[in-house]
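You will see two complexes here that share chain A, one where it goes with chain B and one where it goes with chain C.
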Partner chain A sequence: MYVFEEERKSYLKADIISTVEFNSSGELLATGDKGGRVVVFQREQESKSQPQRRGEYNVYSTFQSHEPEFDYLKSLEIEEKINKIKWLPQQNAAYFLLSTNDKTVKLWKISERDKRPEGYNLKDEDGRIRDPSTITSLRVPVLQPMDLMVEATARRVFSNAHTYHINSISVNSDLQTFISTDDLRVNLWNLEITDRSFNIVDIKPANMEELTEVITSAEFHPQQCHTFAYSSSKGSIRLCDMRQAALCDKHCKYFEEPEDPSTRSFFSEIISSISDVKFSHNGRYLMTRDYLTVKVWDLQMENKPLETYQVHDYLRGKLCSLYENDCIFDKFECVWNGSDSVIMTGSYNNFFRMFDRNTKRDVTLEASRENSKPRAILKPRKVCVGGKRRKDEISVDSLDFSKKILHTTWHPHENIIAVAATNNLYIFQDKVN
Partner chain B sequence: MIGGMEGGVDAQSLISISLMKIHNSRTQRGGIKLHKNLLVSYVLRNARQVYIKEKYAEIYRMQQYEEVMTVCNEIQELNPLDLDAEEADEEERSRGEESSVCGAALQRGAAQPAALCRTGSAVSGCCPLEDVGKDPEPSYYRSCCMEAPPAAPCDPFTGSGGAHCNKTTVLDLDTHVVTTVENGFLHQDCCCAPTGQSAAKKRKVEFGCCVSDLDDVPDFTRKRAKREDCSFSDYTDTSNISNLISIFGSGFSGLLSRQADLEQICSKQALASLGAWTRAIVAF
Partner chain C sequence: MEVSAEAKRIMVVALGKLYSSRTQRGGLRLHRSLLLTLVMKSARDIYHAAQAAAEPGCEQQQHPAAEMMTTEPAGAPDLQASPPSRTLPEEKVACASTETRKSAENKENRCPAAQHTRKRRGKAAAEPDFLPRKKAKLEPGSCPQQPLVVNSVLVDYVKCGSELGNAMPLHRAIAAC
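Right, the complex of A and B next:
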């Protein structure tokens, strides 16, 4: 029984979704999991005959992106888990995406094949070579329709550039370069060149004993191809301009909010570590996620955030137990909606939160099979922080910390969101009027 | 600083949890996660700061208690009506001096173990006595202090008059272990030598990530544990933790700048209060 449960755990573990990403048109949705697989969903064309199936997402392609590897020099296993997927904007019929594990970035081409040539002279329909003596006439092969086949091929492999674990990748708006970031370095690549990359940020100290912070995430500016930002474990964000110097160790802007001494605790450093940084679509704002809050920064104001949203402040009194069970190290992501008016991030108990920046209203929703049948409307949830618990509320102690929503993504134009809850993917759409 | 935290959060248990996490990270699939270990080291540092602060506060409280006790003894001794007990008084006074000197030595030793306790060639010499300028019978004091180690705790105050303290704290200057005798029961307190200056040899533990560096930590802790074991009969987890704290203390110099300041402040406070007392000793 014990062995069975262990096996089941390892089976489930490989299915745990580790990243989700819409492409730039919203037509495709990619997920990566701990087993190194990528599953791509495609939105159905809306049809008049079936209006209720308003653009549902179905599996389009599945492929094994990364395999487990072994670094013989360091005697270390390299996990196959997909840390990040980033789509390239579509330029022809094929789709391209970058996927990365801890050490290697790969460029995948996903293309369709719905025709095949038939009527070869030298080989028969099965592909076997024909005996030349039996060939008496010539014919031109013609393309015949076939069942749609989606194939994924690895076009580039960008490897051996990172000593530490890659935490993020970001495609530049010039569509020619991208950056890959690990704990201490940011490397710049050309999409066409795999045997060379340029190091543009290096925060490794001369003496590793003096290490005080690491890079947690980096992203290119959505419009300015020379600007990128990276966040640190100390809760700061640096904006860098690649035109200034080849090595962008010196930042242009430094965003940090001074720590409130009244909230100091054993775990202050952990909860202030930024787990995700995202530029707004319009390029004017930055959003950062730390353990308890989401902050929106104006690029013109470095000394404090424009807005701060409490995601689950009721956890502040539970930090010790969250430290013991390692939940305090969870890296939550955050996303903007298409118009930058709403931001979303995940929490525990399969809850995720949305904050409307204009109305200042927020809502907590739950991604679970029990509570959401297809076409059902999600009911707002509430966590009871103290005092009398109402009927529909859930108390802090009842929260399931093993059910966490770390990865979410928002359709670039419509109100469609994808939420990864452990090994399940939930896609929610706006209510159809 | 860190204070008034989550109720009931024990610095010691946080230290042991953190060390366990660092140890387990070595066998994690995918290699050591630099970010996570860095964050754990911050918790370790914070817990260590609180732990050391508490220890210093305890020593400071003990020292203040001893001062009060000695003043009380003096008041008793100065009772002019008690002529028969004059000799006894002198004895007590000298004992009081000895005990106070001993106490001062202990406390000074506690405050700055490395700086003050090097000159004696004896096992745990009360060398500060020489600094004081007074020339007591060294053997007596040495034996007094030598009894500090766990086997037979030094109890310099119980001999003084009626002021019977049922709690005595003794610091072993060599191994920096604080032993408390309370109502006749021996408590093995933790090592209170957090400073990087500690006389014990310290191997630098490189946090430097990844491969083999953290291999050194458990080995070293085992060696140090053995050394301590030779000294003490019962070796508690908390002593283990203290030793590991001191190991990490030498390793994370970048993280320790604030911590060093704290220690300096505590040392200075302890010393400041001692200053007046040592002057009194010299006068005698």
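Right, the complex of A and C next:
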């Protein structure tokens, strides 16, 4: 009985979704999991006969991106968990994406095959080699239709460039280079060249005992190919310009909000660590996520954020328990919608939050099978912070901290979101009027 | 005292997490280890501040068990460098309450016999119960020959911090007491 439970746990663990990402057209949605697999969903074509039925996402391709590895030199196991997936914009019939685990980035080509050549001379239909002496005539092989097959092939493997654990990758708007970031370094790669990369940021101190901060995420500017930003565990963001110097240790902008001394606690450093940084689509803003808030920064204003949104401030009084059960180390991501008017991030109890930057309204929704049947409208949820709990509210103490939404993504143009809740993927669409 | 009890608990939990992270798949996570070290440091500082505030007359009291001492990993090449002179500058940089720190450091460096001559040791000065009983000595001149006897947990932690190169990931280690 005990053994069975253990096995079941490890089966589920590999299925835990660790990243989700729409491609630039929104036609494809990729998910990566702890078992190193990538599953790509494709939106079905909208049929004219049923215009009400918006295109649904179906599985398009599944492949094993990374395998567990062992670093013999350091006696360390390298997890196969996919940390990030980034799509390349489509340039031909095939689709390309970058996927990374802790140490290695891979470029995958996903292509369709719907024809195959038949009528070979030297081999028969089963593939067996024909005896040349039995061949009496020649024929030209022809392409015959076949069932659609989607193949994924690893086109490039970018390895051996990171001593520490890779936390993010970002494709440049020039579509020729990308960066991979670990705790202390940012490396610049050319998509065509796998045997070398350029180190452009290195914050490793000469004496590791003096280490006070690590890099938590980095992203290229969506339009300016020479600009990128990286966030730190101290709650600051640095904007760097690659034209300034080969090594971008000197930032050209530094974003940090002074700490409010009244909220200082034992855990101030942990909760101020930025877990995600995202440029807005228009390139004018930056969004950062720390443990309790999401902040929107104007690139022109470094001393404080433009907007701060409280994700789950009711947890502020629970930091000690969250520290003990490790939840305080959870790394939540954040996303912009296509028009940069709404931002979204996850929370606990399978709740996720959306903030409308224009109306200043926010909503809490839940991703759960019990509460949402297909085509049902999601009901806003509310957490009761104290006093009398209303009928539909949930109290802070009843929240399930094992159900966390760390990864979400928003369709680039439409109001379609994908939310990863442990090992389940939820796709929500706007109501059709 | 509430604050000092909480600080102590936080330190214990941090130690436990640092210890268990050794056996985690994927190796030591630098970010997590750093955050735990920072929490431990700030809990330690608050613990000392609370202790000092609790008994202002006994500010000079020795807290051997709770003291953090810089230690050299057994395999590190610079074991031969004199640690006592190195610890003090590092302590100053790292710590808020330098005054208490310095006096406490000096107390640490005294031989144990000297400590027992104190007439009165309040409850607060008693060794916290969460740390093992081994006493560490950090005496000038004795270090090159005698590596610090540290908590075996942290020696292991230090040894398997191979990801971080030769240097120790922690700038403080709890001395065995």
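In this text, the second predicted complex is superposed on the first by the 429 of 433 C-alpha atoms of A that agree within 3 Å, B and C clash if a C-alpha of one lies under 4 Å from a C-alpha of the other, contacts with A are read in each partner's own complex, and residues count from 1 in each chain.
Convention: a residue touches a chain if its C-beta (ideal position, glycine included) is under 8 Å from a C-beta of that chain, and two chains touch if they have at least 3 such contacts.
From a predicted model like this one, the values you see are computed outputs, not experimental measurements.
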Fit-or-clash call for chain B and chain C when the two complexes are aligned on chain A: clash
Touching partner for A:Asp195 - first (chain B), second (chain C), both, neither: neither
Partner chain(s) touched by A:Cys320 [first = chain B, second = chain C, both, neither]: both
Touching partner for A:Asp397 - first (chain B), second (chain C), both, neither: neither
Partner chain in contact with A:Glu125 - chain B first, chain C second, else both or neither: neither
Segment of chain B that clashes with chain C, given the candidates 75-83, 93-101, 129-137 or 219-227: 219-227
Footprint overlap on chain A, comparing chain B with chain C: 71, 74-79, 81, 102, 163-165, 167, 183-184, 207-214, 216, 233, 266-270, 273, 320, 323-324, 326, 329
Residue numbers on chain A that touch chain C, as the complex places them: 71, 74-79, 81, 102, 163-165, 167, 183-184, 207-214, 216, 233, 266-270, 273, 320, 323-324, 326, 329
Complex contact set, residues of chain B against chain A: 1-2, 5-6, 9, 11, 14, 17, 21, 29-31, 33-36, 38-39, 42-43, 46-47, 50, 204, 206-211, 251-255
Contact set on chain A toward chain B in their complex: 71, 74-79, 81, 102, 163-165, 167, 183-184, 205, 207-214, 216, 233, 264-270, 273, 317, 319-320, 323-324, 326, 329
Touching residues on chain C, where the partner in the complex is chain A: 6-7, 10, 13, 17, 25-27, 29-32, 34-35, 38-39, 42-43, 46, 70, 90, 160, 162-165, 167-171
